[in-house]
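Structures for review follow.
One chain, chain A, links the two complexes that follow: it is found with chain B in the first and with chain C in the second.
Right after this comes the complex of A and B.
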């Protein structure tokens, strides 16, 4: 999902920066608020950021015969909300843009929008929806991480189709979805499964904080 | 949930990663396989006649250095996760 340095026209770079910056600022405030209210949650924040670091560094092969990487954005989004995940995404994307020449500074706004805003928002909404329906948080976190990952790449495809509607927007969208989204399906499943592994650990050791962050379905809250 | 489930989940992830390697066994970069999707998107953009207007200040000078930095990224994340899970486990047991 990394749009490479210089691969978006300047106007689109500006548009995505303008959309992303307010969310990042809100995310910084949100992180401050949560960690002040629940100081123990700092360690969870570190683990969410670290999880994003690991997952986005793993370039995995996919059934389409090309390689791509998971995003790791679902966990942080579910724990701290989508805006907080956008702050974590900035850290990861800056590391990759500066040290690895993956993504770029001009395209940082656009890449934060897909990996730090669209994906996390989808993950957070899916998680809330499933747990509200009183279904187990383990199932919810799988679908949250799976869809958060997949929709990150769908968002990138939309961004590229908007910037390069060649010959038409739809034709271009189909082309970029073919490159990104289909490759991503098995990787998104892998990300869902790995997020469940971390989630199982958090449930075992940190269930009090998870419950303070209001993350369990009614049925699970009663069981604690 | 007990740790047996985690083993099952990790085995599933391994199967997902090995499947493409088996499906396209014998094919490599020269035949156009296992390249990065990000690069493929870059190529598709260049096909429209677009020329990038800015390039990275610094790029890893070789594939070796690039893999060094990717491994570093994974290691930083892994040590943080491992540190806290070990800490929590120890807390629980004492």
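Right after this comes the complex of A and C.
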């Protein structure tokens, strides 16, 4: 979903920057707090960021001024909360712009909004909602990753449709959504399954840090 | 996936030029082209940046074309979409297939977007091909971006290379054991690969973190900056 450098008109670049910056600042405070309380979490933070980087570098071209790829933002969002995931997304997107020429600096604000704010927030809300209902965290993580990925693309479609409302906003929104849906739904399912595998592994080998981060549904935390 | 850009950024004639200068030049030209959105200016910027990259920084023409090839594909596909399916102005060309037409305003939109993407992209290219990421992070640190952000970024940068190394090793191991013989085994191998990749990398970076901590790591990695001649 990385919108290319220069693809958005300057007005929209500025708008998305203004919307994203407060969330990022809040995220930095959050990360500071987590790493001070649980020093072990730094590595997990870096690894889930690198995971996001590697997954979202596997891109397929899409005809919408951006491209399709898994986002990997669900995992980071569930582990550390949506605000922290948005900081990870900023770093990931900056690296991708500078290392892979993928995305861009002027469109960084817009890309952070879709991949770092909307996606993680949805993923986190879904995860919390499902675990509150005392359903196993494995099912919750699947839907969190799946919907986090999908909603990232919905947000990108909105951004593109707002920038190119031609002839009407809804008309171009439908076009962008339609194009993304073809590639994105299978990718989102694959990402969901991959995240489940990783989650099960984390539960098995790193349950200590997960319970420190307070992530299990009640039933599971009793079992541990 | 290899980071040719990272290698090029460390090995060109402009690597050691003041980072502030490069960042300011690239970003200010980028902003100007973005805001003015003028076809002639776009063209001039593209040529100027190509001269900067090829002649001044002495980056080989092959590398430059390789760098541009992916954005060319992406940008042209996107602009074809804008060209054929957008706009509601006067029809200037009728393809005759499913009533797909090129309209006056969509033609204008597509060409201006395409040129703008190209001009901005060459500015980004100038920056990324001549500036190593460590220098960019250093500048970010100096302009008072919070330390924790830089720290996570540095750790993530290392972890990305750990990921890639793991990916490479495991993939080779699988290939030597005929893991990608046919489609079925390829899918299975790819599944194993990705599910183990995360944990292998987590293990490795925990080892790295332990070794950092045992050497008195407090969240900062002081780096040596060569003095300017």
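Simple rule for what comes next: the second predicted complex is superposed on the first by the 215 of 224 C-alpha atoms of A that agree within 3 Å, B and C clash if a C-alpha of one lies under 4 Å from a C-alpha of the other, contacts with A are read in each partner's own complex, and residues count from 1 in each chain.
In the analysis below, a residue touches a chain if its C-beta (ideal position, glycine included) is under 8 Å from a C-beta of that chain, and two chains touch if they have at least 3 such contacts.
The structure presented is a predicted model; accordingly, all values stated were derived computationally and were not measured.
S.K.: Superposed on chain A, are chain B and chain C clashing or fitting side by side?
M.R.: clash
S.K.: With both complexes overlaid on chain A, does A:164 touch chain B (first), chain C (second), both or neither?
M.R.: both
S.K.: Kindly classify A:30 by the partners it touches after superposition: chain B alone (first), chain C alone (second), both, or neither?
M.R.: In the superposition, A:30 contacts neither chain B nor chain C.
S.K.: For A:42, decide between first (touching chain B), second (touching chain C), both and neither.
M.R.: In the superposition, A:42 contacts chain C only.
S.K.: In the superposed arrangement, does A:88 touch chain B (first), chain C (second), both or neither?
M.R.: Second partner only.
S.K.: Could you tell me if A:53 is touching chain B, chain C, both of them or neither one (first, second, both, neither)?
M.R.: Both partners, chain B and chain C.
S.K.: Pick one for A:198: touches chain B only (first), chain C only (second), both, or neither.
M.R.: Both chain B and chain C are touched by A:198.
S.K.: Just checking: does A:186 make contact with chain B only, chain C only, both, or neither of them? Give me first, second, both or neither.
M.R.: first
S.K.: Between 5-13, 41-49 or 59-67, work out which stretch of chain C sticks into chain B after superposition.
M.R.: The superposed arrangement places chain C into chain B at 59-67.
S.K.: Based on the A-chain superposition described above, do chain B and chain C contact any of the same residues on chain A, and if so which?
M.R.: Dual-contact residues (chain A): 4-7, 9-10, 43, 46-47, 49-51, 53-54, 57, 61-67, 95, 97-102, 104-106, 164, 166, 175, 179, 194, 197-198, 201, 205-206.
S.K.: Enumerate the contact residues on chain A facing chain B in the complex.
M.R.: 1-7, 9-10, 43, 46-47, 49-68, 95-102, 104-106, 138, 156, 160, 164, 166, 175-176, 179-180, 183-184, 186-187, 189-190, 193-194, 196-198, 200-201, 203-206
S.K.: What residues on chain B touch chain A, complex-wise?
M.R.: 1, 3, 5-6, 9-10, 12-13, 16-17, 19-21, 23-24, 27, 32-42, 44-45, 48, 50, 52-60, 66, 69-71, 73-74, 76-81, 84-85, 87-89, 91-92
S.K.: For the complex, give me every residue of chain A touching chain C.
M.R.: Going through chain A, the ones touching chain C are 4-7, 9-10, 13, 28, 31-32, 35, 42-47, 49-51, 53-54, 57, 61-67, 87-88, 90-92, 94-95, 97-102, 104-106, 164, 166-167, 172, 175, 179, 194, 197-198, 201, 205-206.
S.K.: Help me check something: in the complex, which residues belonging to chain C touch chain A?
M.R.: 1, 3, 5-6, 27, 30-31, 33-35, 37, 67, 70-71, 73-75, 77-78, 80-82, 85-88, 105-106, 109, 113, 116-121, 123-125, 127-128, 131, 133, 136, 146, 148-149, 151-153, 155-160, 162-164, 167, 191, 194-195, 198-199, 201-202, 205-206, 208-209
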